[in-house]
Amino acid sequence: MIEYGDASAEVRAVYDDILTTRKTDYLNNFWKALAHDPVTLRRTWESIKQIMAPGTLDSVTKEMIYLAVSVTNQCPYCIASHTVAARKAGMTDQMLAELMAVVGMANESNRLASGYQVEIDERFKT
Amino acid sequence: MIEYGDASAEVRAVYDDILTTRKTDYLNNFWKALAHDPVTLRRTWESIKQIMAPGTLDSVTKEMIYLAVSVTNQCPYCIASHTVAARKAGMTDQMLAELMAVVGMANESNRLASGYQVEIDERFKT
Amino acid sequence: MIEYGDASAEVRAVYDDILTTRKTDYLNNFWKALAHDPVTLRRTWESIKQIMAPGTLDSVTKEMIYLAVSVTNQCPYCIASHTVAARKAGMTDQMLAELMAVVGMANESNRLASGYQVEIDERFKT
Amino acid sequence: MIEYGDASAEVRAVYDDILTTRKTDYLNNFWKALAHDPVTLRRTWESIKQIMAPGTLDSVTKEMIYLAVSVTNQCPYCIASHTVAARKAGMTDQMLAELMAVVGMANESNRLASGYQVEIDERFKT
Amino acid sequence: MIEYGDASAEVRAVYDDILTTRKTDYLNNFWKALAHDPVTLRRTWESIKQIMAPGTLDSVTKEMIYLAVSVTNQCPYCIASHTVAARKAGMTDQMLAELMAVVGMANESNRLASGYQVEIDERFKT
Amino acid sequence: MIEYGDASAEVRAVYDDILTTRKTDYLNNFWKALAHDPVTLRRTWESIKQIMAPGTLDSVTKEMIYLAVSVTNQCPYCIASHTVAARKAGMTDQMLAELMAVVGMANESNRLASGYQVEIDERFKT
């Protein structure tokens, strides 16, 4: 992991933008690990910055969708970091409980639909 | 698939509750396929009814989370049916676009975090 | 796909062993597609023949486990072919219903456990 | 995690039913973590109780199918806890070995079938 | 899907860059579907253009890695399009056969390692 | 785990072949864990030995494809061991960075293609 003090000017510029945009002085291990590849660091940050900015969906909704994906993929790092990020964006205990219930059920019914080889209804076809 | 007209009283009771709760006269193929196993049909419906009812999260947010999981798992039936369900609950084209962007990015960054074996930050530990 | 009549001696030897072992005169598309790579065809068949032979677990149990994996991975070809194979080995409608219920629930609870970052109980550690 | 002594009456009622049904005095971390959301705790337990009760499939077969899914999804908590549960239900070392061999092979052949874009045989279509 | 003739100036600029960079006059359905969200269309194309350009790894190696991921995820669209893309970049039948054999085996051994709860060797720790 | 000194003649024969083929005196935990099931140990080793031997694809390309699958599946053991194996076969930091970028992007675009229900282009059909 590349700490702020050891970072090249190129990496530090990305670090600074992360810290400023997120209004924090803490840099996640994720970024410090990516920093070994400054091209991927910059592209990933620019993409996340664009995608996660509030739009028609607000920040907490976007963070909850991010978390739903991470739970489905069972990525321990992403679950830990995005549970914290979603809470920071406003997710309460009750919202987390409802999110997890939906994620669990969707993972179940996805397999029932595929397992029983259910054909797509005509009206659902694009 | 078991059509409404061919359903047993037990199955018909579930069908009726689905149609009433959802204020529709159309029954998805998913339910007609599950109906071969009335126990699973009833349990799955009762669970989905409880989980998807508006709570702290409203219906459209719950449907979008459901869709995010289905896209991550790449379940064709579930993507088709829940894209329609989410639109019915209020998801606009712009909301779908933002949802898909978050789902795509989360699937990417999940692998970067796992692939680079990033350790969970102390402050993210429960 | 390489049909029996067009197969090289090397491929035909594998085809013959499949048909004899399985007591059938029908060759699945899976084998005809693999036949473009005779090395993988032979290795895959030899492995499957060894693994799926009745042992402490009987054929229907092995086929049901195979199907449970295929449903979890949502592989359409594998679900279609192994549902048929499991039925041929003795799986009834009721057994399929119970199998699918377990597969659905396991996929749900896997995400609840991972999503809530549940720590492994001391007594479950190897 | 909510310990038995700290649980509300609502949660304790579920805990008691788990301990009685399973004839044990040990409560898994999974339940203690779910207990923060009593609605999901109750629904999940009621579903698992119904699904995992011996039916046409006996307990050990159901536990092995559960384990096969957990291994495919690579859920560390679920693998650890359900390996123990399956052994308690009667799974021997040899049965575990055969289970793992089938799970491994199914995960391999699922990708060969999908990767080679094998078409579903007419006779396997529902 | 948005055809070239119906595209806005913004979308057409991306389409033109895709066609020029790839030295082709054929636009994949993937891009035409993404074009409903010009922001995601541009970001995705810019990222893919940067990532897939020959670097230390040549084009055919990158395309084969892309295909290996798509096969593992079992994405039918991606398998179909990237099998063609990899062949165009130089992948022969023999290379495809070796790729598929590795992908199949990795998917198998991933589950054996996780299922048997194998601890990471000290020397493999980062 | 079964150490070399405790292994049966049958297991030791496989261990010896692994050590000789790989020109090393270190045996991974993976093999020691598999050794409880000598049949699977032998079959898995014979398959891996055949598949990973340099062919049209050289060793480092095969190891990178193996790693790409392991990252996509998020198997911690496999990521740790195959990152080391790929480096031993010649993967540099720059090659790893390019590999990870492709793996991340493929995981993203797989979901965009599936989520938007993109139809397979006629010319990509087999």
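Going by the order they are written in, the chains are A, B, C, D, E and F; count residues from 1 in each one.
Here, a residue touches a chain if its C-beta (ideal position, glycine included) is under 8 Å from a C-beta of that chain, and two chains touch if they have at least 3 such contacts.
The structure displayed is predicted, hence computed values, not measured ones.
At the far end from chain D, in terms of centres built from Cα atoms, lies E.
Counting every residue number used by either copy at the chain E-chain F contact, over half are found in both chains. Of the two chain pairs examined here, C-D and C-E, it is C-D that is joined by more C-beta pairs in contact. Centre-to-centre separation between chain A and chain C, using Cα means, comes to 34 Å. Centroids of chain D and chain F (each the mean of its C-alpha atoms) stand 27 Å apart. Inter-chain centre distance (chain B to chain D, centres taken as mean C-alpha positions): 21 Å. The multi-chain contact residues of chain D, meaning those touching 2 or more other chains, are 39-40, 43-44, 47, 51, 72-76, 80, 83, 100-101, 103-105, 107-110, 112, 114, 116-117, 126. Across the interface of their complex, chain F is touched by residues 39, 43, 47, 50-51 of chain C.
For chain A in complex with chain F, the residues that touch the partner chain are 36-37, 39-40, 43-44, 73-75, 126.
By the touch criterion given at the top, residues 74, 93, 97, 100-101, 104, 117 of chain A touch chain D in their complex. Considering their complex, residues 67, 71-72, 74, 76, 79-80, 83, 100, 103-105, 107-112, 114-117 of chain A touch chain C. By the touch criterion given at the top, residues 26, 28-30, 33-34, 40, 44, 47-48, 51-52, 55-57, 61-62, 64-66, 68-70, 72-73, 75-78, 80-81, 83-84, 92, 94-95, 98-99, 101-103, 105-110, 112-114, 116-121, 123-126 of chain A touch chain B in their complex.
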